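Note that chain A is present in both complexes that follow, paired respectively with chain B and with chain C.
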Partner chain A sequence: MKKLDKNKLALAIAAPLLAVVAAVLITSLIILATGDDPLLAYQVMLEFGSKSDSQVWIIDKSITYYLSALAVAIGFRMNLFNIGVDGQYRIAAFFAAVVGGALTLPGFLQIPVIILVAMTVGALWAGIAGLLKVTRGVSEVITTIMLNFTAGSLIGYFLQEGRLAEKDGNIFHTPNIPESSHFFTFPTTPDPVDGFIVIAVLVGAVYWFVLNRTRFGFDLRAVGSSQSAAEASGVSVKRMVLTSMVLSGAAAGLVGMPTLLGDSYNYGNDFPTGIGFTGIALALLGRNHAVGMAFAALLWGFLDRTGSQLEIEGFAQEIVEVMKGVIVLSVVIAYELVRRYGLRKQQREVGAELAAQSAGDGTNDKAGVSA
Partner chain B sequence: MANHDIDITVQGGTVHALVGENGAGKSTLMKILYGMQRPDEGTITIAGEQVTLGSPGDAIERGIGMVHQHFMLADNLTVQENVVLGAERLHGIGAAASRRITEISETYGLGARPGALVEDLGVADRQRVEILKVLYRGARTLILDEPTAVLVPQEVDALFDNLRDLKAEGLTVLFISHKLGEVLSVADDITVIRRGTTVASVRPADTTAKQLAELMVGSELPSPETRESTVTDIPMLAVDDLHLSAVDSSGDVRTVLDGVSFTVHKGEVLGVAGVEGNGQAELVESVMGMRTTDGGSVTLDGADISARSTRKRREEGIGYIPEDRHRHGLLLDAPLWENRMLGHVTEPPNSRGQILDPKAARTDTERIVADYDVRTPGIEVTAASLSGGNQQKLIVGREMSHQPKLLIAAHPTRGVDVGAQAQIWDQIREARREGLAVLLISADLDELIGLSDTLRVMYRGRLVADADPATITPEELGSAMTGAAGGHLEHESGDTGALEDTDSTPEDGATPDTDSTPEDGGDHR
Partner chain C sequence: MTAAPAEALPRVEGDVLLRRVPKLAAAISAAAALALTATACGESSTEANKDEEKGVGLAFDVGGRDDHSFNEAAARGADKAKKKLDVNVEMLTAGNNETEADREQRLTSLAQEGYNPVIGVGFSYGKSIEKVAKEFPDTTFGLVDERVKAKNVDSMIFSEHEGSYLAGVAAAKKTKSDKVGFIGGVNNALIQKFEAGFAQGVKDTDPKIKLTRQYLYPNNDKGFNDPAAAKEKAKGMLDRGVDVIYTAAGQSGAGSIEAINAKKGAWAIGVDSDQYKQPGLKEYKESILTSVVKNVDVAVFELIKSVEDGDPITGINEYTLKEDGVRLTTSGGFIDDIMPDIEKAKKKIASGEVKVSPTPKK
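Entry: the complex of A and B
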């Protein structure tokens, strides 16, 4: 027992270690190939990334990333590929901004209302894909991609003067939400840290608890592990698909909130896009694990922050994007390799244990055949 | 250690059968002969020449070909494409290949149509394509791994004709099976393998099925027989006029269950015999609530559960040992203690309210591992790393731990070694003594006859016959399974044919004589 646990720990450390070593190695080779010094690049990144204003920037950025990763991971845990987090968070943020801009309630009421609207819209948008999957058998991959475009067009339609937006320079945006609805911040120096980090940590904790400690989470994981076995065990797979899609969409609804409540205060055509896809990479990187994804989000924030600095220092501007790709690939491959190795090792150990138990007549293999 | 001290000599131009219980090491030996696994020690000699088989490629080069139990064909390709796939260098992929395939097919009477799509072929035809594939690659020795497991009796006869043709052309066939009747009818020589070693080589003329069985399992022949009857007259499961239709692969609506009615009483084991694919699996899934039936009712302990979900039915007290434990019984990547929760996650000790109780589940898993002799180094290992027999023991332990009123056992000892088999039989018998009702589906006729209090035969979605397990023989049961006989089957009563119309078979047709011995008054529950 003890021995197995120790192996488990060693394997758990081996995978990320292998991934990091491989990623650093490959990236270094690529930087070398572009004619630059990889060590210098890493030095620039570390120095710039560890400055205090960089730290705050990275943390703020990773809050959004983390929420997006969680939304994707809910689907991943039951083999649902929700590619639509991108559309879900945008349409959710848009309608939340519209409602927020129209109301003037006290902050302690209005902030929850805005967040609730966002989660509901996200859930409904994702629910369309879930419903189509359970009633018509349409793959959620197809529907969520298409719903991304639909969401974009819908927002584009409403985001015009005279509809739900106002013109501000050459940007159209929804009316600003009142100051009372601005989310609180931690008064750190030089810049404040967004208070939404509290919500992100909370959602991460709920994600972990629901998946690992509740019946619902067990059912969800069972469906992800083997749909047929889950069905035979009494899980209604269809209901589970719909529920997890809705939950994934509700979590996606949160993705735009740090920006809306703490930065832009409206939804304009300059609202950040593409974070849903980043979430897919981060869920892969963090192995759908609540803590793993937090590290992944911080790493991504770090790369974003230091990438621009690399460009200023004269490195190829694409180098950070290349790094990101290499990291995701290294992690996925390293984990799969370690998983397979662990499984084989475990099978061998079980076999050895059994052989030891039934030791006695164990002579050597001998096969003599003639035909 | 899967194999040790294996000595087997196969004469050229013969059909040589290799028999042994599940888990005796037959498959390991086959893998060694086909180069998929290397022996630690010992030699293989082909036609006087000692060889080393490092890969299937080596084996094919030496003229050894293997027909796997599970076909390895691409459904969306034609017969010809499947045959030439990977052997394009022999005769190309065009007309020359087609000619060669037709030639082989005619020589050995395989009746293959090179242009037919594999997905349109039946099981027996697919098997012939597999044989063709092997012959096309120039095999002179064919290894067939349990070729009859997937065939109905008529198809088995046809296969054996093919094997005789192969033999007549001078080819050698190594035939693996645990069905003794078949082995005796087709083999020239028989080698018996037990616990990884060869224990005897016999000729069919000098032996009987019973002697072979004893050689296979060793001195003590475990018997699934149940001694005294514990059947009560309290109905536990009543299935009434169940109808189910399904859409098959070609898009046709097919009746799968047609007016199935039966009652299982407390303390009774009702066995359902039948060739696989006649609706047994669908019957089980209907009773479990995994399929929506077109009509009929399912009553458990007096309550109509026809409209209830699978989970509700399990909570009401149905235990389920599924036919395919990998598909329906286990989460292979999950640790044993999570598998212990599967199917019973809503019940103690696995959860309290909506919250899981991993600590209690772990403790209880330790208990199951100890009580049911699951051989494992611990409960944190994944289910996939256990052997089939130990996986099955875990499932049986899990289902029995929730005091089921009704146990649905589909092939409960399939792929399980002899020791575990006897143990599982004992557990079913013991629970039955305490008033458990059991619906038993099995392809093993000895298991069915030995364990059941009442027998029914299923054929094409209908219960066509019933029999008294105390007097019936496997042969008589077998004839009803092919649809040749129906009604109430009586042993040696002159005619084993239909004594009464199948439709008028009373709902609990064969139970009266077993019902009449409720001496223990039924339940201790």
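Entry: the complex of A and C
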């Protein structure tokens, strides 16, 4: 047994290593092909990305990314493709902003109210897809994508003057939330770090704990591995589908909160979109693992930060987007390759062991096979 | 770094969880504190560079320099400055799905590198310029399409609704089916100005004409960068007999123009740049009736020149129809026959006889 664990460890390290090497190689070739020096590019990125204000920027940005990745991963863990995190977080943030702009409670009450509204709206929106899947058998991929558009149109309808928004120059936005409900920040220099990092870390910890250390998490992973086996062992698959969609939506509700409570203080035409899709890439990249996704989110923040610096230094502006794509592909392919290799190796070892056993104990072939 | 606590979690069994919770919290806060102290060290990028004169920094809106439209107009102004004033120009482009932080960073980087003036093309840069301008009081900032009150910002505002009114007059005169259309990229206040002016121009010219108004996206900037969507919308309108379509949608407009070109007798009205003259739209130019041009290039050039001359333009500067801040192009000569009507409408607006509303009537 001990030996097998060592193998497992080697395989676990091999995959990310292979991915990194492949990603660096491919991006270097691409940069070379555009006629630039890849080493210079990496140097610019590392130098600029490690500056103290860059560090703060990267952390702040990765908070939102991380929450989005978590929301996607909850679905992924049980083979549910929640493509709708994008619509869920936007509609959640929108209604949270509307409620937040209308209320003037003391901050310690209002912030939780805003967050709760967001989680509830996100959960309800995702719940629609969950409900349709369990009652009518509609694929969640289809419904969540369509609900993204519905969410966008709904927000667009309400985000007009005289409905739920006010006009400010060329931008429509919901009334600002009162100053008392601005989220706290850590007074680091030169820029403060968003206090929402605490929530992100907590949610990450809860995610890890619930999935790995509770009955519910076990059921969820069981359904993810094999629906029929889970069903046979008494897990209600329908209930699990609905619950995990709702949870995924609730987590998605948090995605817009760092922006709403710490940056924009309202929901306007300029509220960031598309983070839900970034979350899909990050969940893939982080292998749905609480820690892995955190690294992925930080990596994305780093690439965002250093991308425009590369542009200033004269590199093609698309290079960072290309890097992101290459990284996701490398990781997915590397893990699949290593998984297959591991499987074959395991099969060979088991086969060899069985052969040795049956050779040593030729009288009882059947027992040897069933062992 | 955010994830360190998850790794540091003690491996607990379900039943001892309650006792472990304080430890868990401690682990999390410890890791968070660690992460935060880590961020506070090292030198900041703002300390690292010394300012030096670099030239003009231009930050584009989505679509980029070659959007055949709005960004391109700004780029033209900068190119002219490059030629005539011999200044260096650096151009950066916004991506889809940008956040405030991305825009702030782009402007900060440009100002930090020593570019002066730094110009944000598009109202999305409003908030970020307001913030960054405070941090770089010695740099002059230019902002197209939005008002920011700051000592070192030149806010360039254009009367799109007045220019669009003239487009409405032209559309009403040219339609044979008495059906005209408007396609907006994103349903925001700026594009509504185009819609409002166009609708009023059509109605004042001929109240019988039916106007179809559609937007590509309710509130996603992708609307300025999605020619395929504009093409579909235009096709839909053409199928319903609309024969003049005014598209205010940045780069997406190219898609609409392409669809209109495929139908004989239909006219496209372009926006922001003289789209008849755009090399990228050359094969469709016979369908481009006219374009509503905002003289972004003139405004941008004036700003750069003023900075070079040492007397930067600042404050809120309105470029109205009266002073040719917006106009209708005549390339191709397709509107030559109706020029008297357009001149008449223009005079009425300039004299104040006709007031063009910047918000559409619902």
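Heads up, the rule we're going with is that the second predicted complex is superposed on the first by the 355 of 371 C-alpha atoms of A that agree within 3 Å, B and C clash if a C-alpha of one lies under 4 Å from a C-alpha of the other, contacts with A are read in each partner's own complex, and residues count from 1 in each chain.
Note that in this section a residue touches a chain if its C-beta (ideal position, glycine included) is under 8 Å from a C-beta of that chain, and two chains touch if they have at least 3 such contacts.
Here the structure is a predicted model, which is why all the values come from computation and not from measurement.
A.B. asks: Just checking: does A:V24 make contact with chain B only, chain C only, both, or neither of them? Give me first, second, both or neither.
C.D. replies: Touch status of A:V24: no partner.
A.B. asks: Have a look at where A:G234 lands relative to chain B and chain C in the superposition and call it first, second, both or neither.
C.D. replies: Only chain B is touched by A:G234; chain C is not.
A.B. asks: Which partner chains sit in contact with A:E349 here, chain B, chain C, both or neither? Use first/second/both/neither.
C.D. replies: First partner only, chain B.
A.B. asks: Which partner does A:L337 reach: the first (chain B), the second (chain C), both, or neither?
C.D. replies: After superposition on chain A, A:L337 lies in contact with neither partner.
A.B. asks: Output check: A:V322 vs chain B and chain C. Expected answer is one of first, second, both, neither. What do you get?
C.D. replies: neither
A.B. asks: Output check: A:K167 vs chain B and chain C. Expected answer is one of first, second, both, neither. What do you get?
C.D. replies: second
A.B. asks: Check whether A:T189 is in contact with chain B, with chain C, with both or with neither, and answer first, second, both or neither.
C.D. replies: A:T189 contacts chain C only, not chain B.
A.B. asks: Just chain B (first), just chain C (second), both, or neither: which does A:A222 touch?
C.D. replies: first
A.B. asks: Compare chain B and chain C by how many residues of chain A each one touches, and report the one with more.
C.D. replies: Touching more residues of chain A than the other partner does is C.
A.B. asks: Report for A:V141: first if it touches chain B alone, second if chain C alone, otherwise both or neither.
C.D. replies: In the superposed model, A:V141 contacts neither chain B nor chain C.
A.B. asks: Once the complexes are superposed, what residues of chain A are shared between the chain B interface and the chain C interface?
C.D. replies: In chain A, residues 213-214 are touched by chain B and also by chain C.
A.B. asks: Provide the residue numbers of chain B that touch chain A in the complex, in ascending order.
C.D. replies: 1, 3-12, 29, 32-33, 39-48, 141, 172, 195, 288, 290, 309-315, 320, 322, 327-334, 338, 341-343, 345-346, 351, 354-356, 358, 375-378, 380-382, 384-387
A.B. asks: Which residues, counting only chain C, touch chain A once they are in their complex?
C.D. replies: 1-7, 9, 12-14, 17, 24, 28-29, 31-32, 35-36, 38-46, 48, 90, 92-93, 95-102, 105-106, 109-110, 113, 123-124, 126-127, 145-147, 186-190, 217-222, 359
A.B. asks: For a test of understanding, state which residues of chain A touch chain B in their complex under the given definition.
C.D. replies: 1, 4-5, 8, 212-219, 221-222, 225-226, 228-229, 231-236, 343, 346-347, 349-350, 353-355, 357, 361-371
A.B. asks: Could you pull out which chain A residues touch chain C in their complex?
C.D. replies: 48, 50-57, 59-63, 66, 152-153, 155-157, 159-161, 167, 169-172, 186, 188-190, 193, 197-198, 200-202, 204-205, 208-209, 213-214, 259, 263-264, 269-270, 272-275, 277-278, 290-295, 297-298, 304-305, 308-309, 311-312, 317, 321
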